[in-house]
Each structure stands twice: as structure tokens, then as C-alpha cells.
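Shared between the two complexes below is subunit A, which pairs with subunit B and subunit C, respectively.
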Partner chain A sequence: MADVKVDKTLDVRGEVCPVPDVETKRALKKMESGQVLEVLIDYPLSKERIPANVKKEGHEVLAIEEIGNSEWRILIRKK
Partner chain B sequence: MGVFTGLITGILFGIVLQRGRLCFNSAIRDLKLFKDNYLWKAVMLGIAIETLLFPLMAQAGWIHLNPKPFMPVGDIIGGLLFGFGMVLAGGCASGVTYRTGEGLTTAWLAAIFYGLFATASKFGFLKPVVKFLRGPVYKIDSPGGIYAKGKIGPTIATSLHINPWIPAIIFAAILLWYVFGTKTSERGGKGFNWITTGILAALVGGLAYYTSSHFGGRNYPLGITGGWISIFKTFTGGKLSWEGAEVLGIVIGAFLSALATKEFKIRMPRNPMAYVQVIVGGALLGIGAVTASGCNIGNFFSGVPHLAWGSLLASLFFVLGNWIMAYWMYGRR
Partner chain C sequence: MVKIFKALAHGKRMTILGLLKDSCRTVNELCRLLNMNRASLYKHLIKLEDAGLVRRIGFKDGDILYDLTSAKVYRLLENGAELTERKVFENIRGQKIVDVRGELCPVPLIKTEKIWRELQNGETLEVWTDYELSKERILTKYKNFVVTCEKINGFWRVVLRK
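On to the complex of A and B.
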């Protein structure tokens, strides 16, 4: 997944629930269709909830990669 | 034996909470904010099972049901304060407790202030304020049978003078129809699915009722607030209670579970203002829980299955308080 061009990065590591989810939603709203959002996250609940909820909104989840101990990188393409 | 069984029960509950990501703050808020019912269904399934399990255990003579008192004012005010608090603290009583074990430093502060303010509300400087906020407290003479002897809180069954099995079966049937008959949100990942979480949480609830009443001198299923109070009292020479050991067990169980699944990490927010927010939230959790005679575990997860009026009313206001604060914090734009 390294070849995907990331248009915006959102680092929500350490944030209180549900800030990662809300910030992701707000960031996607501001982006153009087709652009890719990278979310850096370390909170297990949101790591599972964000992909489920952005898919429901019609966005595409390109990847969920483990980048460290309890740290993940979620790539989302805006619809 | 009390401390030992409390600790074991807590460790099991901590594993279920961590693997199931069972936070009532998320469960309640997600329904409104993200139109997501995943965790809410785990809660509702657990409550449906406990609604049948507790009277069954009582029928078998293993336990005696001990519903919480009815406090029309305290349940509403305490419920609202607790509902506001869980949003600000980034978790309910069980949420901040299990995430303490996952290494979230914001949860540590929320849990500490929750425990401190619950202790102050129960025994300290906030006691007169909380006594005023609680208003009148109603208990009735127990009708006996599957209920504990002496004074108990009124339930749907005691008010209608009917066999407690009738409302229990109707209530459980409605919940089961809802959880299995309606569409559930999708969720991937390493966590337990909602059905596993709901079933296991209810079984731990049954185990808690048995061990706490037989070995802990405390006739009630799972709780959190009294446990944190007990832990804080040990700092000034108090003895750790069954519930205190249970809360300690939750932290240990969640820690071990997070460690085993590589989900443990010391996490800190970049904006330190988050600490201020969770301290205020934690304090509200403590005051709210003591005012309403229980948190989201004591009143919602353990009290609603008794169909106690007090727990039903407090839980309704946990939900309303959560929705109001979640809308104000996150929903407006």
C-alpha cells in the first residue's frame, strides 16, 4: 500500500474516545472526491469502528496496517 | 475468600470488557452520533440474558434478588450528571476502568477523579450536597420469594403485585426480538463480536451475584463505583472489599488481555487540555454515580435486569445525559 498517494494525514494517537472517529469524519468532509486520507491511530475501539462507519458513508477503506505496538494506519479514499 | 473471588470475577470481566470493547459511553453515543448499534446490542443482549438468569439463580436458591431503591429526584439528577460525565471522561465507569488497563493515561486520570469524587460524595465533603440531590429514597418491604428479605427497592413486579417472572419474560423477549430481529452495524477486527460479548458479560454478571453474596458480604451483581471507593479507602487504612477487588481485577484482566493481543500501550493525548476534560468528566461520574446509587454497571447492566424502577429511571437519564453532552461536544458540526 506504499504506492498510494496520501493527500492528508490525521494523527489521532492518544486522543480521547470518540475524538478519532469525529476528526476522521470532519477531515473527510473537507476533502475532494477521490483524495486519500491517512489516519494514524492507537485506540483499538476506534480502529475497528472507523472503517465500519466510513464504509457505511460510501468511502473506500484501502488498508488497515499495523505500524507498531497497538498503532495502526488506516487509508480511506473519499467517495 | 471475598477478595479472592472478587479478584477472579473482576479479571474475567476485564477480559470481556477489553476484548468486547464494551463501553456504555460508546454504546449509547454511537446510536445517535454514528447511527451505529454494535455495542448497544451487546449491552441489550447481556441485559436480556441477565433478566432471565438472575431470577433463575434465585429460583434455584443460589441468590436473593436485591433491587436498588427508587429515587425519583436522585435517579434523574444523578443519571444526567453521570451521562454528562461519561462523555467528558471519554468513557463510562466500566470504560475508563478497562482502558486504565490498556494504558490510556486519560482513562487513568478519569478513573482517579471518578474514585475520589465518588468517595467524597459517599463519605466526604460532598456528602451533604449529594444527600440533598438524591431527594426522597423509596424502599418497600420485600414480598419474599426470590427477593432478599427486609427492605428492597420497588420493581415492576412488586408494584403490580405479580409474579416477577411475568415482567422478566416479557422484557427479555422484547430485548431479544430487538437484538436478533433488527439490523446490526458491521464491525471487523480482533475484538469479540457483539453476541459473544453480550453472553460472556451476562455470565460474569451471574458469577458476580453468586460470589459477591456468598463470599463478599455484598448482595448484588457487578458494580464499579463502590469498588473504586473501596480502593481509595485502602489509602487511609480501609479494607479492600469484594467490589474493590473486582475493580482491581478488571484493570488486571484488561491489562493482561491487551498485552496478549498487542493492544497495550501507554497513550498520551497531544493536547494536554484533554486531561482537564477527563478530570471534570471523572468528577461528574463520581458525583452522578453516588447520587443515582450506581453507575452504568450497577444501575444499567446489573439493575435494569431486576426491573427496578430506580435503575430503569437512572439508566434512561444516563442515555439522555450522554446524548445531550455528545451532541454539544461532537454533534453540532
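On to the complex of A and C.
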């Protein structure tokens, strides 16, 4: 997914629930339709919940990549 | 393993796990959602903690915050709901109906989520549940998609349109 232009990065590594989930929701709210949000997390449960929750809101999950030992990068396109 | 499945083999504890699947929660929040006092809730939380299914992850609003111990527990709950018989059928108009009467939280919500993902835009889905908390959670989660919600013969019929 190297060719996707990221409009905003949210680095919530080191944060536990509910911070990553809440901040992701907040960040998406402020963005324009079609823009891409990159979320960096290291809380394993947020890796399950964030994609599930944003899909429910109608946004598109472009990728979930493991970028390190228990570190993930989630790319979301706002609906 | 026995300890884990013994801890799971309880309606209230499955409900607690179902609520924690969505998000970490404070003890106060869990008490409110389950309509349970702290003492009874703690009894269940201790069993779940002993089995390694939940843990305290910190504090929020001066209260203890609980979460599932790992993504493995998250997937265990998801797989468990899928393992239970899938009561989905279509009515005469080809509308999908999820009949989860008799199932406790989180099964109705997880099943609804699963069928929802398979649904095309514009299609409708009917959920039959007799568990009030699950009805509430479905209405909250799909608040922008609810067509109707009515109570008939002791269960709720929730119609959602994608």
C-alpha cells in the first residue's frame, strides 16, 4: 500500500483502550470525505476493534500491516 | 482449558465478554449495562480474570477499567458465535431474517454483524431477538440503518436497511 497518499497520521502507540479507538473516531470526524487516515497502534485489541468499528461507520479499511513487533499500521479512507 | 471453558459456560459472563469485545469498560459501566451490583459483577470478573480471559488495564473516571486479555479472546468470541447454529432464512420476499431468539448477548449482535457484512447496499435484514440488551445494542450500533423496531409476542423484530 506504498502508493496510497496519507492525509493524516495518528500515532497512538503506547496508548491502551479506549484511547486508540476514540482518537481514531475523532480524527475521522475532522477529515474530508475520501481522505486517508493512517493509524499507528501497538494495543492488540485495537487492531481488531478499529477496523470493525470504522467499517460499521461506512469507512473503507485499505490495509492493516504489521510494522514491527506488536505494532500495526491501519489505513482508512473516509466515506 | 477446562478453567477457560468453565468460566465461559455462564450466560452473564458471556454477556460481560460480549460487552468487552466492543470496548474496554469500567466496572461502573458494566454494572449499568448489566443492571447488576458491584459485588455480583466482581464475582464474575474474578472468575474471568482467573481463567485469563479479562484483565484490569488501568483506571478511568476514578474507576477500574477492564479489557479482554488479548486479541485471541476477541477471536474466540467471534468464532464461538459462528459455531452456534446459523439461524438465517429468507422470507417470501427474499428478505434475510436472523432468528436469534433464545440466544444471549453477544450472540445476537455478532450474528447480525456477520450477516450485515454480506448484505448488499439497499437490502434489508430482519433480526428477531428476545434479549433486551441485545436489541438495544443492535439499535445503537445500526442507529442510522434502522427501519423499524417493534415488539411482537415477547420478542423484538428489528428491521435494518443497508
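To be clear about the criterion, the second predicted complex is superposed on the first by the 79 of 79 C-alpha atoms of A that agree within 3 Å, B and C clash if a C-alpha of one lies under 4 Å from a C-alpha of the other, contacts with A are read in each partner's own complex, and residues count from 1 in each chain.
Criterion: contacts are C-beta pairs under 8 Å (C-beta built on N, C-alpha and C of every residue); 3 or more make two chains touch, one makes a residue touch a chain.
Because the structure is predicted, anything quoted here is derived from the model rather than measured.
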Superposition-derived comparison: subunit B or subunit C, residues of subunit A touched: B
Which superposed partner A:C17 touches (first subunit B, second subunit C, both, neither): both
Subunit B versus subunit C as contact partner of A:K5, first or second or both or neither: neither
Partner chain in contact with A:P44 - subunit B first, subunit C second, else both or neither: both
Which superposed partner A:R26 touches (first subunit B, second subunit C, both, neither): first
Doubly contacted subunit A residues - partners subunit C and subunit B: 16-18, 21, 44-45, 47-49, 52, 55-56
Subunit A residues touching subunit C - in the complex, by the definition given at the top: 16-18, 21, 44-45, 47-49, 52, 55-56
Touch list for subunit A against partner subunit B, complex: 11, 13-19, 21-22, 26, 42-45, 47-49, 51-53, 55-56, 69-71
Complex contacts: residues of subunit C adjacent to subunit A: 22-24, 57-58, 60, 65, 67-68, 70-71, 74-75, 113, 117, 141-142
In the complex, subunit B residues that touch subunit A: 21, 23, 25-26, 29-30, 33-36, 38, 90-91, 95, 102-106, 185-191, 258, 262-265, 267-270, 274, 277-278, 330, 333
